[in-house]
């Protein structure tokens, strides 16, 4: 049972735009990377090619608040917390910090709602989260989510 | 004075992911394209290289609700509406529809808050929207935003 | 029968990087956009979901020479020419020009080799280009390709 | 003095396209990541914000041969080798392998030529590679490059 996961990654050149900072859409790529790593940490995959039936996790909502810019070669910690777990959906909260030595600066907060579906593509259908997955995921405490 | 703008674009191969649909982060690229086209339609540019001082428009918040997937070669209309105008920030509402002949299907709604800043990069500072820009932008009506 | 196609597109904010110019990898997105538009112009699609068997066109080689940078809001013409047509592959030559009024400046040249395959994904297998497609595509003249 | 560098990274969901494999343009992002990590390993940065004058490294040529597809969550080793060093330019050779336990499969080879310039953006000018950088980089042996 897990309710959170952290990854650290370094801002790449191609993540930046002409403003000299990480493009806002890239923050969702960072959050997705934390989400897929969270699943891997549980021995699972976001893309359950082998499960029967295979399920996928399209987003029905995503959002991000930006507090400070990220720049090339900054190290950023992406902290995923499970904020809500329903029979067919999960809500993740994300906290992004720029980390440099002992300094930590919160740069963004995100929130992403994903739905478990069968048959990705044009004919997606919401489905119950398979027990083998649901059993491993629990909601973070109110304190963690504060 | 303008309060809205529409563009239509076609989903590109590189916009898709292995689920066979447009990757969620790409929706923010679509909204940004409508925003920059809105500025161009007013004879302005998001990147005011020539203005003194130059201003930029980093996002402080962005979000999207997804109702239906977009696929390769779909045509998508991105409708920008100015939802709010403050002295230093603008809020845009976006409505995305898949259009095919006379059929229209709403696929997503977005909301983006941008702040006018000087000196993009690491030392951004919020500033009043220059009058030449502010004078051309007005808030959409409640009916339009409904 | 067609041997060439042209599209014009405008550089988007998200196409740029912190150097203030279009990121080099994005040039391949531009070429791909011309290639998919070329297919559409022939009533075809790069993704032949309906054909039996469906075929795809992964790249086996791509390259680009860069002569001048592209910047945000530049208009760029992407000219595709069919440089070679074999039973299972096509080679495209690309000429990219920045266009501004009557001015034209060549900014890049590309070359892309695609192979016709069945069963995209992990088990791709080269296959003969379906006749319905091959019949519509011809090689450009040496003069055009010069 | 260094002539090569290796990084390993995992294919992300957003790196894939609807064919279920890593989009070809993303391979250039992978090579760039190895190049910037190579510079960091020497105590340098591709973006020499502090050097006088600052220099940048735009590409004048890049190419890639693709031998096998990469899929989501594959681990890929990107091996950079310095193939050529001239007064104002560097040529890198790249070897990309999918690695899974003890298995290694070459999936792509790349070649990238970068030029050292001052004043990135619209007025780039080729310049001699600063001695502090040039002194740390040497060309790989013919055997390494074979």
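Worth a mention:
Per-chain numbering from 1; labels A, B, C and D assigned in written order.
One rule holds for everything that comes next: contacts are C-beta pairs under 8 Å (C-beta built on N, C-alpha and C of every residue); 3 or more make two chains touch, one makes a residue touch a chain.
Model, not experiment: these values are computed from the prediction.
When the contact pairs of B-D are matched by residue number against B-C, A-C or C-D, more than half turn up again in A-C.
Taking each chain's centre as the mean of its CA atoms, B is the chain most distant from chain D.
For the pair chain A and chain B, the distance between mean C-alpha positions equals 24 Å.
Chain A and chain D have Cα centroids separated by 28 Å. One inter-chain figure worth recording: chain A and chain C are separated by 34 Å, centre to centre, where each centre is the mean of the chain's CA atoms.
For chain B, the set of residues touching two or more other chains reads 13-14, 18-21, 25, 29, 32, 47, 71-72. Of all residues in chain C, those touching chain D in their complex are 18-21, 24-26, 28-29, 32, 47, 56, 58-66, 69, 71, 120-122, 124.
Interface of chain D with chain B (complex): residues 13-14, 16-21, 23, 25, 71-72. On the side of chain B, the complex with chain C involves touching residues 12-14, 29, 32-33, 36, 40, 45-47, 72-73.
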